[in-house]
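Labels for the chains are A, B, C, D, E and F, by order of writing; each one numbers its residues from 1.
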Amino acid sequence: MKYLDEFGNPELAHKLVDEIHAATTRPWAMMEVCGGQTHSIIRHGIDQLLPDGVEMIHGPGCPVCVTPLEIIDKALAIAAQPGVIFCSFGDMLRVPGSSQDLFAVKSAGADVRVVYSPLDALTIARDNPSRPVVFFGIGFETTAPANAMTVYQARRLGVPNFSLLVSHVLVPPAVAAIMESPRCRVQAFLAAGHVCSVMGTGEYPPLAAKYRVPIVVTGFEPLDILEGIRQTIVQLEAGEHEVRNAYPRAVRAEGNPAAMAMLDDVFEVTDRTWRGIGMIPRSGWRLAAKYREFDAEERFDVAGVRAAESPLCRSGEVLQGLLKPHQCEAFGKQCTPRSPLGATMVSSEGACAAYYAYRRLELVQL
Amino acid sequence: MCLAVPGRILSIAEADGVPMADVDFGGVRKSVCLQYVPDASVGEYVVVHVGFAIQLLDERSAQETLANFEKMGLIEEEFGEVPR
Amino acid sequence: MTAGLDFENWTCPVPLRDTPTVVMGHGGGGAMSAELVEHLFLPAYGPAVQGDSAVVPVGAERIAFSTDSYVVKPMFFPGGSIGDLAVNGTVNDLAMSGATPLYLSVAFILQEGTPLAEIGRIAAAVGAAARAAGVRVVTGDTKVVDNGSGDGVYLNTAGVGLVAAGVDIGAHRAAAGDAVLISGDIGVHGVAVMSVREGLEFDTTVVSDSAPLHGLVAAMLGTGADIHTLRDPTRGGVAASLNEIARAGAVGVELAEPALPIPAAVADACSLLGLDPLQVANEGKLLAFVPSAEADTVLAAMRAHPHGAGARQIGTCVAEHPGMVVARTALGGTRVVNMPIGEQLPRIC
Amino acid sequence: MTAGLDFENWTCPVPLRDTPTVVMGHGGGGAMSAELVEHLFLPAYGPAVQGDSAVVPVGAERIAFSTDSYVVKPMFFPGGSIGDLAVNGTVNDLAMSGATPLYLSVAFILQEGTPLAEIGRIAAAVGAAARAAGVRVVTGDTKVVDNGSGDGVYLNTAGVGLVAAGVDIGAHRAAAGDAVLISGDIGVHGVAVMSVREGLEFDTTVVSDSAPLHGLVAAMLGTGADIHTLRDPTRGGVAASLNEIARAGAVGVELAEPALPIPAAVADACSLLGLDPLQVANEGKLLAFVPSAEADTVLAAMRAHPHGAGARQIGTCVAEHPGMVVARTALGGTRVVNMPIGEQLPRIC
Amino acid sequence: MKYLDEFGNPELAHKLVDEIHAATTRPWAMMEVCGGQTHSIIRHGIDQLLPDGVEMIHGPGCPVCVTPLEIIDKALAIAAQPGVIFCSFGDMLRVPGSSQDLFAVKSAGADVRVVYSPLDALTIARDNPSRPVVFFGIGFETTAPANAMTVYQARRLGVPNFSLLVSHVLVPPAVAAIMESPRCRVQAFLAAGHVCSVMGTGEYPPLAAKYRVPIVVTGFEPLDILEGIRQTIVQLEAGEHEVRNAYPRAVRAEGNPAAMAMLDDVFEVTDRTWRGIGMIPRSGWRLAAKYREFDAEERFDVAGVRAAESPLCRSGEVLQGLLKPHQCEAFGKQCTPRSPLGATMVSSEGACAAYYAYRRLELVQL
Amino acid sequence: MCLAVPGRILSIAEADGVPMADVDFGGVRKSVCLQYVPDASVGEYVVVHVGFAIQLLDERSAQETLANFEKMGLIEEEFGEVPR
């Protein structure tokens, strides 16, 4: 794929690795916020190429992982209702709720469908006017415009059987929450490129300034990640804490104004609980009053659904960079991708799953 | 999160009042909503996530980035120091 | 009454405990499928030959015997249909034992409401594929089931082939020092089917690679090389097949990622959907484990055959990390190539 | 492209024209099933061996090869389960060719949501039945399909058996003058399953007769008699099997209704539901066509075997009305015993 | 089965056959009204045992056969509606409507279920309160009490999702209609035993008197039918035309008062079209006003469903005894049980189907 | 039409306000509604159609009918004529 494959070029990667080694004089701990970056780092073995002491901490950047248990349980309850067509992105299907996952609900007879885009769910709703169709609208700022547009279209085109189960979360409040943690070891951030494609970079300078951390907006291919790391280390070594954009082909400082306008129309900021982390004030979006009639939580009676997380699971600490996945007692024992205990083992991009999938060799050899 | 890939716009047509494009991702084509890149035109690249173009891809910037990477080694070799 | 299992206090074997009922992942050809076989079917059947086909004596001869059911939806996809798969799949399972496929059985389970015209097209595809492969459909069966999940056809083929004297191919023979060969491009069939799957539809030039491989195997055996192991990496893809062989053979497998023949169109589709090409199904490809010294001879024979033109070595068999498949990445890192767990799901975030 | 069928202007062969889509009757083992095979499958596959199993050469040997899928609901019924049926059904199809059954393949198609405990029970039943029949399960497959028509299991078995030199059994050998023998009571399995079928439930003492019959066949062959034809009258019952043989052998069959061994409980269930016992399925019975002169010898051997204790002659093979089965009623009238059409339906009015 | 098997005793049957032969001096044509009797006659080859010239004419006694095309089409339309559970006796499933049958509707996805008793349909309705459950309530006076009771229970127990598609027909008006036909050849009737178990014999004396035909209430087993024929011939030979009860073990002159009271409560007399015959005034029952809310025709919008019968089919004449099935041009050609053109080929008890099933041997040898 | 068969009442119990019986049909048992034969008691035979007893079976009459059939031949043999 053009503008993708080129950014995996091994020769250029080695140049960047050399640059990183050349620039590094001390240990540094930086967090890649985004699960997609975590995936790429482990998938390509990028962290194995870094100087000793340069540590990548995997942040709370997988929306599948951080979607609160309670919302999953509500999704399961809604999907199980007779007649409902419950549409979701594929990787939400094996996220465990309190006692089961969407696969299990589907196997018990629910009509659960994997779609590529929320617009596909809207099409399904129009094709099945007599059945309630619900889309599971999770995601960060990157995904929110797609879901917003779908609700906007549902209202505009009059698709009353469509509704959205919304659980959007926002990156900057999470960055702030991580930095506020007393045990925080994070010295710099790779910011999530595609989040910034939508939102721009304007929210980061205050954070960089307040917490005195460099923040480099970073892409997802090996060269992108290495460049993000390189720019971060250069700043760290220089004692700087600026916001830099290492992903300029996809990120503009002002973000995407059309998408931001739609988000402003459809959503409003709300407090959100992050799975494994807890409640972060003003860290999510919910449907604005004007669109509340499309809120699946309002339409289906799931207000009574309550859930508590597994006491064994330390994904909160993992997500905050306080713990490496394999340092969790349950890792690889009670908790595997087959039977994940916590959110970070659920998604193939979750920090625990990524460790399990790609690093098992090293771990067994430890 | 946020798996987004670059694709080239092959054609644009309106559906349900929304601009939709046929986008080429190398070996794959898919229909993509252009609502958020109203200025995009045929032949341009967009960054696509869950069926939506979330940004125009800046080709010149992409090439500059790659060119910078190419140069890096050279500069290092020539000048023995890391540029910023 | 039945083999020492206590159904009054049924508890699933540990690895199945996660789910008390069947979920789609049990059919994905990955870890969940394997555990079902290992912990549920094999204990019930008693000692049984593993692998995709069994080699057993019949009178004075040895036959290979294999079965597979086909439940692919949609039933028609770019480059083929469930009918081609059902023939080639079983022909290939026989070929992977080094057998000459001879006879097929074909059993249809029809969902009521399926147009007879579609069944006719599938039956014609079965007939055509059987003729192309030089095997005879000699027995069959038809059942009809209630309309539930919509119309459709499930197809089962079983096959019988003759194994020549001296041929001994199996996962147990994989040995450190073997070269790991593949006959051509990876992930083609799976991407072709995915491109027409409901909810994921995309346009692609990729068409299924479904093909009968016994001719290719005959050419490889014709070199006189001591071929240790053959496997067609269908469901679960190359990742599943290599993990199975690594476990059965108690060897490690080390893949060289840059050597993997992944066509751009397959790579692109996988990038778009967040899939791993190594987990994507193939229907006309084989993996071969041969002693390194004979790898070039075998590769030459493969490349001379129409179904092996793209053959190449993709890795080696090692004594280290037995049961585990490791890939060395283009950047020089390593990663474990895991056994897929269940269903392959598009990853969006 | 495919065997001269034109899919652009598809028209079903005349007997299928009635319905352009599959209906339950196509799986009933009667006329609709037969027409699907004759007009759709056989033309697509080319020349194929008919009957429930094929006898074909493999190297220096002759094998029998057969397949059947099992879709019975409910999966557990008085006297057995889908697992027993799947083993005994294929064992019997092999036995009806005079083969010694040796190996089975077992392929599960699981509907998601099926409790694993049920699959465990079925697998255990498969294993137990295979051991009881002295055959080995040597290969298998598992697929999972979407939950639609509720949870459940479809099972396919294929089987391979060895045919001894000189054995030649087939419907084509049925000849005028043959005695028509049955190994025991009629309609037992079908009534047992019907008694637990949703919407029809009734209490009965009838339990399935599912059993492997190759031991009985061996005993019959052991007499040295020239056994012409064997058939296990499963789906479609005695009526379907006799009609098939009459057509394949181009002979008439004349049944003596008072000689039919229909147990009172079967007759009573049929009276209640308005069914014809001759159309009800059996799973542990066989029909044999043997020269009249040898009938007593064969009957004696059958009666000496546990699965043939109730053996008796129920009719004769005649040169008149070839292809047709006629019953002489207790009152002395005659009626035609037709090929069942499709599904057996309870008749209420 | 006790009190069933004894009435098939071949020795006694031959005694009765001998009696019939001894009593017969001339040709006679009599009609067995009931399809169950037709079935039994053909199944046991009873007509083959009768004296030459004693002819059994098969009457319109199979409710499956005479249910009008239009009602079948309404049933198909209702069954095809999403969500509906359509319950029926088994043999209605292959009755062709204008273009398909319930099997075809089921194969296209409809939820069509075979039940043994209408009460089973009521149970299904109670088990599926969110889905409309319809029972196809066809039949003569024998079946009507079962359907009446089911509606009565639905109302009493409050099962609002249950409804009945009613098409009940009545025997005596049909007997009258047959006798009114100018080409009528029927000289006597075997009346349907089980209809009389419910309704008694009171309606027959006026008919016997008016049309001067003997009417013998007859059972279904071989001995019952032979005795019915014997008593009929004895009357015919004697020039009598009385009503006699040859099935006293199951029929009382007064019928079943409890059942008749229920019928009176639930149903009211209406005109009915008989498939293959036409409209017979006051020859059927429909739900009384008090139960009209349970009428599926009211509940589902099928008033617009209209249907016309095949012009080839001569089942009307067959049903009236004016034609033997095999005298119909379409018999065994365009019309077989596989693909029935007319009602009398549909049911295994229909006159045409019975001829096809059990008499094909004779026919091909003709 | 109207397939109805005789069965013997094994037990009676009320369900939903209706008398229901377990009825034995020789080799088969089924639940039958006795609403229309309110006087039926255990041990008696009823004629059953689609799950409803539509009439009590008169056993004495059944036996008389059979006895009449038995006699027929005898009388004929003895007296050489057909009784009515």
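Things to note:
By our rule, a contact is a pair of C-beta atoms (placed from the backbone, for glycine too) under 8 Å apart; a residue touches a chain by one contact, two chains touch by 3 or more.
Note that the structure is a prediction, hence the values are computed from the model and not measured.
Among the chain pairings, C-D comes first (most C-beta pairs in contact). Bringing subunit B onto subunit F by least-squares fit of CA atoms involves turning it by 180°, to the nearest 5. Each chain's centre was taken as the mean of its CA atoms, and the one lying most distant from subunit B is F.
For the pair subunit C and subunit F, the distance between mean C-alpha positions equals 63 Å.
The centroid of the Cα atoms in subunit B and the matching centroid in subunit F are 85 Å apart.
Centre-to-centre separation between subunit E and subunit F, using Cα means, comes to 21 Å.
Counting only residues that touch two or more partner chains, subunit E has 1, 4, 35-36, 62-64, 89, 106-108, 116, 120, 139-140, 142-143, 349. For subunit F, the set of residues touching two or more other chains reads 1-3, 5, 25-27, 30, 50. Among all residues of subunit C, those that touch two or more other chains are 19, 21-25, 112-113, 147, 150, 264, 267-268, 271, 274, 347-349. The touching residues of subunit D, when paired with subunit C in their complex, are 1-3, 5, 7, 10, 12, 16, 19-28, 33, 36-37, 40-41, 44-46, 48-49, 51-54, 56, 58-61, 63, 65-71, 102-103, 105-117, 119-121, 123-128, 130-131, 136-151, 154, 156, 158, 160, 162.
Considering their complex, residues 1-8, 16-18, 25-27, 30, 33, 35-38, 45, 47, 49-52, 54-55, 57-59, 61-62, 64-66, 69-70, 72-73, 76, 82, 84 of subunit F touch subunit E.
Only residues 195, 202-206, 263-269, 271-272, 274, 347-349 of subunit D touch subunit F when the two sit together in their complex.
Residues of subunit A that touch subunit B in their complex: 1-4, 6-7, 9, 12, 15-16, 18-19, 22-23, 34-36, 61-64, 89, 116-120, 139-140, 142-143, 145-146, 149, 153, 156-157, 192, 194-195, 197-198, 220, 223, 227, 231, 234, 248-252, 256, 258-259, 262, 349. Listed in rising order, the residues of subunit F touching subunit D in the complex are 1-3, 5, 25-30, 50.
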